[in-house]
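Contents: one structure, followed by commentary.
Think of it as A, B, C and D in the order they're written, each chain with its own count starting at 1.
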Amino acid sequence: MNSSAPLPVLDVRQFSVEFRSKVETVEAVSQISFVLNPGETLAIVGESGSGKSVTSLGVIGLLPTKAIQTGEILFRDPNQPDAKPLNLLALDNEERRSYRGGIISMIFQEPLSSLNPVYTCGNQVTEAIRLHQQVSREEAKERAIALFREVQLPDPEGIVNRFPHQLSGGQQQRVMIAMALAGNPSVLIADEPTTALDVTIQATILELLREIQQRRDMSVIFITHDMGVVAEIADRVVVMYRGHAVETAPVYELFARPQHPYTQGLLNCRPRPDQRLKRLPTVSDFMTVTTNESGELEIHSKVHSSEEEQALLEQVSPTETQAHYDALQQQAPLLTVRNLTKAFPVRRGFFSKASVLNAVDDVSFEVYPGETLGLVGESGCGKSTLSRCLLRLIEPTAGEIIFDGQSVIELDETSMRQLRRRMQIIFQNPYGSLNGRQTIGAALMEPMIIHNLYDSEEARRDRAVDLLNRVGLDSSALGRMPHEFSGGQRQRICIARALACEPSFIICDESVSALDVSVQAQVLNLLKDLQKEFGLTYIFISHDLSVVKFVSDRIMVMNSGHIEEMGPADAVYNHPQEEYTRQLIESIPTAKLDSIKARQAEKELVG
Amino acid sequence: LVNCGSPTDTTTSEVDPAAAPEGGAETTALVYGSGGQPVNLEPGNITDGNSIIVQQQIYDRLIDFEPGTTDLVPSLAEEWTSSEDGLTWTFTLREGVMFHDGTEFNAEAVAFNINRWWDPEFEFGYRDAGRLYEIWGYLFGGERGSEDSILADVVVTGDYSLDLVLNQPFAALPAALASGYFGIASPTAIQAGTDYGTPSGAAIGTGPFVFEEWRSGDRIVLSANPEYWNEGFPVEEQLVITFVEDPAARLAQLRAGTLDFTVDLTPDQLAEIEGDTNLEAVYRPSFNVGYLALNPSYEPLATPEVRQAIAMAINKPAIVEAFWGELGLTDGHFTPPSMEEYQSAAVDDYEYNPDTARQMLADAGYPDGFELELWYMPVSRPYFPNPKPIAEAFAAELSTIGINVTLQTKDWGAYLEDRNTPPGFQSFMLGWTGDYGDPDNFLYAHFGPGATDDIGKWEDEQVFSLLNDARAESDPDARAEMYAQVDEILFNEALRIPIVHSQPLLAKRSNISDWTPSPLGSESFEAIEKS
Amino acid sequence: MGRYIFRRLLNLIPVLFGITLLVFLFLHLIPGDPAIVMLGDRATPDQVEALRERMGLNEPLPLQYLAFLGNLVRFDLGSSIFTGVPIIREILIRWPATFELSVAAMLIALVLGIPAGVLAAVRKNSWLDNLTMSGSLIGVSMPVYWLGLLLVYLFAVNLQWLPPSGRISVDAGLSFEPITGFYLFDTLIQGDFAAFQDVLAHLALPALTLSTIPLAILARITRSAMLEVLSQDYIRTARAKGLLELRVIFKHALKNAMLPVITIVGLEFGTLLGGAILTETIFSWPGIGKWIYEGILSRDYPVVQGGVIFVATAFVLINLLVDLSYALLDPRIQYK
Amino acid sequence: MTTTTPASTQPWQRFLKQRSVQRFLQSTSGLIGLGLTLLIVLMAALAPVLRPYDPATDRNYAARLQSPGAEYLFGTDGLGRDILSQVWYGLQTSLLIGLVAVAIGMVLGVALGLLAGYFRGRLETVVGWLTDVMLAFPSILLAIAIVTVTGPSVVSVMFAVGLVQLPKFIRLTRSMVLSLREQEFVQTVRAFGATPPRIILRHIFPASLAPIVVQATLAIGTATLEAAGLGFLGLGAQPPTPELGTMLSDAFKGGYSLSSPWTILFPGLFITLTVLAFNLLGDGLRDALDPKGGR
């Protein structure tokens, strides 16, 4: 590449988007500016709702008509470097359309729902090809197959005739990428293309995108909320916060010397498997946000010195860890699971023999009082099924569950209900876990009513207020409805409710997966604090190994129903015994400075 | 597509399928709008008007009625005489008549038909699923072998003569045989298959029209019988009977010209007919009675005064005026006005007088009236074209003398059935159209032995013996005197209060002529001409 | 696909069994003795008893039901009490009339309803949308028979443009021979265009009447299905490809939106068959609906029994066909 | 439920502030439907006050089939009754039938749906089979069959039409329960050891209420139509109870429906208006309560 700075392909200037409705005006993106250079991957990161998708949709011209866009999006065709740049926003609909899918194309987060279910993959890709190139039907099909080969789909000829639902998630996303490549784009926008995928698949898709980008020398806008992914793929990064671009920097710069407190927060609040922090820092540890009189955001940094930062990032020493671990192991187990199996009948035909799917397959393990047992595995490996079996929310097919000396499976209805005071579960989705028609107060008091705890209404109320205070909310929440709270607050309420009956054992099934990293960090900290305070025992389920590693004393890796391996968290992470575990660990985007540097250097070389 | 042509000349009686309807709604064939589809085309096996009128076109009976009257005229029988003792009737048959299937009509054929209706053991009586030729037993006392059977034997005395031997004299026998049920069908055709008379089967008679086709639910097509014994008839080449259940739809079709003539319209449609210059209203001579029956087995109605009070409380003239207009008349006789010779001159109708009625009720021990269930028919019949509002009118009238009426109805079959199941309905509406021109058919059927189940098995020695004697009596004057006596008794009993004798409303397009409706409800269309 | 069809057919068995059971029970619950109805009201108790014996009415109900099922599998539905005509024969004659009417009504509903719904969805909240939606709302709110009467009053009686009732005029009916019983088809293959026109004219009002509800419902369903589909991710994908909006709507959205619509088409066939009872009564249409209704009024048990079982079965089968076509349209279905 | 938080606002203000109420207030069809429904209910309720008139006995044979005019605003029927007051009272009957029928169908249907959906197993199989079978009959045919067994009367019609609505409610409720019982908030309550009755009544039922209410509102329209259909076939209310469908039937069977069109025009119009009112209301409620709901 020429040393003189190349002219950017895209030059976004003072771009703003407003949504106006009768009720209110939302400024989803305000005055953001950035450039996209040829052959470059620009990542846009930020928490949910920060305006990433709106920005990208604005660039490709797919915002709904009610969105009011201002500013300029200048486009310069890299193939005609001398041509005058074109303001995409000034084009009429028809001209705008001619750029879409051709010179600028896009892939989306949910591969399955982004493909039309009633047409074959081939059909959908050839349609895109023929739209932008004058070729015959056969020719287009040839090219589609070639594209499928390029995105490394197995059996490209066969996949042409398959319907989207007949492919796995990763394959679907490859088809999406092939479709986006159909018009030989100069700019490819990828809006969270890997968020819906398992880590292992995410890794291969990222690799593929990186490879294609280099081969085709495309410019890519890559949208994500995951700093780890940024580190894996980006050349430069735009950090968005509430519609503003708060920082723009080359990727190494950003990771090495984040300037903006928000960026610092983002970088640190994601648990890193190679560290063992006492508690996770959160974005709010790094900054405070206020709005001034004119309604503009004002962000103030909280961390000014490296000592302050050091304090936030205090680590637990390995000896401490070991001591804690040993102490735990000396007790009698709280929960013992032996040869637990849960089979689901999978009916294929009316009369054909019902085959079974062992969602949980001969699983045995123990959990010690006060311990956190982490459970990881890919989507569908049986984590949730296992957790539900433990609480007998579904009946296991075979095996033994012994909780505190009682065989859970043999209990009758009434004793089971009694036992449920002591075993609790917190689910992934804080929106779905609260009954939208119940006030928070009622939700908190319901378990107490069920178990006849505290004899008066007053007492229950007091207890509810206690619980709220404990998770960092105040009594004003009692009379409010769930929808009046943010996701993080709701999850806190769920945790408070789980504590209502003073359980000794709590299963957290993906309890933080739906939350933004920063909120996730807060909730993880809270869970740790509560454990310490009440001596709780957790089974912590997540598909994210780094999160599991942060909270767990021991880790159990699950794969298609059975346990791959189990051991102390550090041991499993540092010295995985099984190939499966190794892959899982390798797929985690690490965001280590060295690897970023190495990758950038390699790219320079190739470029 | 309809009614946009000119009333072109359609006198041609040739059917020309090629001359399709293009030009206008007027059809080439003669089209009769029936109120429903026949039950079947098997003589003796039906009782409903829709079947009778179609059978009338296909079959001849031994004896027929003079058009427009109830007077008997020869048909397949040229002569009929009774022996002195009235126990043997001799019939002399018309010679040279052929069935539509080419077989010959003769005394054997008549005997075959009668045996079929009469003899439960007869080989060719298709009493499928246990069904009876119920009308026979009903008009002639019973089946062969039953005690009450009037008929004792059928004796073929020659190719064209036969005797009917009776167990008891029956003056009305020729008239009864003339009633529309007893067309003579071809024995050969009947023996040929079990689906005789159904849409997919045959219907072979000697009548003016030949059965061609029956499209279930839609139409029956008949064509002129070229061999018809009555020379010069039928006038039209083709007769199509279409089924249009709803009177409004029938009239609409008549107005649109897709029908030529139709029956069973409601009195309320008269104005519409008169308002259309292409149509003419036709009145069927009254030969029916619509009545309100009061069941004496219901305690309050056991007292004749209470029944009379009810008769007085209902403003019959006003109701008849309102619901029938000029198409109905009301009097105190159960028999229709054309039977004047059998009625008592002394009978004058009850005067409408609610005050007296209330008084009578009080005298009978019901000063505050009582509760009464009144059943009205769910179907339209010529005597009560629209039973429900009339029932409502009764209810309103009776409420003024303190009788609190609850109106009830059931589906038609159940209605007929349940009224005879003890204790029967407290009161109900029903009516009767004569089968033939003899008072026996009205009076015996309603007040004779075995005919009073629906009025609590009411018995009156005098009425019973008068009715039985009149049956045997052959002197017309003596019979008239007996029936007049019955008339008087019945008037005072007020059991079946005659409400109306109606003239059923019919209508035709003005290019239809020579249609002479029979008081009995069905007539031959052989003379009808379409111009 | 073959397996799928087979499975669906097997699934029908319990439903068909239920239909026969329900109809059988209903008819035995109806007060009144079928034997008396058959014999007429002058029959003697002995005769009634004999007939009951012969008809098997004295057997225990389960046995009667078994006998009834036995006959049913031999397509023997008995004969009408009053006319003696075998039910199955009557059904064969009358079904084409009802089917022709229902199909015509459904065609009207499809041809007008789907485009209206698509247009309304694409121009959401425009006057066109409002008009279509209010129109369809009024359509589903109207008693069909009332509309039928008004149409007859207007078009047949006052304007005299169309015949008020019946299936074919007398003359046209004389010139052709029903072969299949589907008059439109029969007149066409016999080349009798005058009769074809005549049949069409007779079909117009009843079909229009019968079509109102499905028409209105289809328009509404199509609209909401389109709106739903238009908000889907794959529509965004299609737009991101740079497709013309028309192509996005007609290729990508419509086919998906048709999926719920097709289900409704099947269900609405039931409404049509039910509505046929009323519509056929008003228009003197010689179909199954009117026949069953008359059977009910005259207590012709075998007619009601046979007719209702037939209609319900027809409905179930039509739904099956619709479901199968759904499977053709939606590649996901066979794997569910 | 019983928590008493210091309400910052009046209850009705809080009611108006609810999102669903807001959405309803923004739904044109909902508002029109609400207005129309209120009007019709008011008309039916006030019939005796506004027209002190006994439809059973007030009649005037002399004035049969009068066309609409100053004296009889809607004309008179075949019995010389004022159609306006007939319609007025008929509306009462029709509304009553619609409401009671839907109440029957809804209560039974929801109960069966809840039980079948929650407990699954054999109960679900039987209930599912029953709904499948019932749905295999065109609804009016089923209603006719039921009325044939029970005999025509207002009560039979309510019962028949109610039963016909049953499978729809069962299906709707069951499908709601099936998805709700797997939802996390229900699982959570189960995990607390709540008993099935508590789970069903406190959590599943309230959560499935919105679509049921919407369905019920729409079903009132359908039921009214179906009841009028039965009336039209002569299987509905028996005299002297005035009912709109029966009025149409009387005119049709009386043969004067075409010559005196007002005898069918007004009863039909009011059936349509009633059904329309509930359909509009149902639409509005759906916009408000169940924005993603079907149809």
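By our rule, contacts are C-beta pairs under 8 Å (C-beta built on N, C-alpha and C of every residue); 3 or more make two chains touch, one makes a residue touch a chain.
All of these numbers come straight from a predicted model, not from anything done at the bench.
Peer 1: Touching both subunit C and subunit D: give me those chains, sorted by label.
Peer 2: In this structure, the chains that contact subunit D and also subunit C are A, B.
Peer 1: So which chain is the furthest away from subunit B, centre to centre on CA atoms?
Peer 2: That would be chain A.
Peer 1: What whole-number Å value describes the gap between the mean CA coordinates of subunit A and subunit B?
Peer 2: 87
Peer 1: Report the inter-centroid distance (CA atoms only) between subunit A and subunit C in whole Å.
Peer 2: 51
Peer 1: Just how far, in Å, is the C-alpha centre of subunit C from the one of subunit B?
Peer 2: The computed centroid separation for subunit B versus subunit C comes out at 38 Å.
Peer 1: On a C-alpha centroid basis, what's the spacing between subunit A and subunit D, in Å?
Peer 2: 47
Peer 1: In subunit A, which residues are in touch with two or more of the other chains?
Peer 2: None at all.
Peer 1: For subunit D, give me the residues that contact two or more of the other chains.
Peer 2: Counting only residues that touch two or more other chains, subunit D contributes 148, 151, 252, 257-258.
Peer 1: What are the residues of subunit C that contact at least two other chains?
Peer 2: Residues 31, 152, 157, 281-282, 296 of subunit C each touch two or more of the other chains.
Peer 1: Spell out the part of subunit C that touches subunit B in their complex, as residue ranges.
Peer 2: Going through subunit C, the ones touching subunit B are 31-33, 35-43, 47, 50-51, 54-55, 79, 81-85, 89-90, 93-94, 97, 152, 156-157, 160-175, 178, 192, 194-195, 197-198, 201, 281-284, 286-287, 290-291, 294, 296-299.
Peer 1: For the complex, which residues does subunit A have touching subunit D?
Peer 2: Residues 22, 388, 391, 393, 416-421, 423-429, 432-439, 441-442, 445-447, 450-451, 457, 461, 476, 478-480, 483, 494, 497, 501 of subunit A touch subunit D in their complex.
Peer 1: Touching subunit D in the complex: which residues of subunit C?
Peer 2: 14-15, 18-19, 21-23, 26, 29-31, 133, 137-138, 140-143, 145-147, 149-150, 152-153, 157, 220-221, 224, 260, 270-275, 277-278, 281-282, 292-293, 296, 304, 308, 311-313, 315-316
Peer 1: Show which residues of subunit B lie in contact with subunit C when the two form their complex.
Peer 2: Subunit B residues touching subunit C: 1-4, 15, 17-18, 20-22, 25, 27-29, 31, 39-40, 47, 126, 128-132, 134, 137-138, 195, 198-200, 215-219, 221, 238, 240, 242-246, 249, 252-253, 255-256, 258, 378-379, 411-414, 416-418, 420.
Peer 1: What residues on subunit B touch subunit D, complex-wise?
Peer 2: Checking each residue of subunit B against subunit D gives 246-248, 251-252, 265-266, 268-269, 271-272, 318-319, 321-323, 378, 380, 385-386, 388-389, 391-393, 395-396, 399, 407-411.
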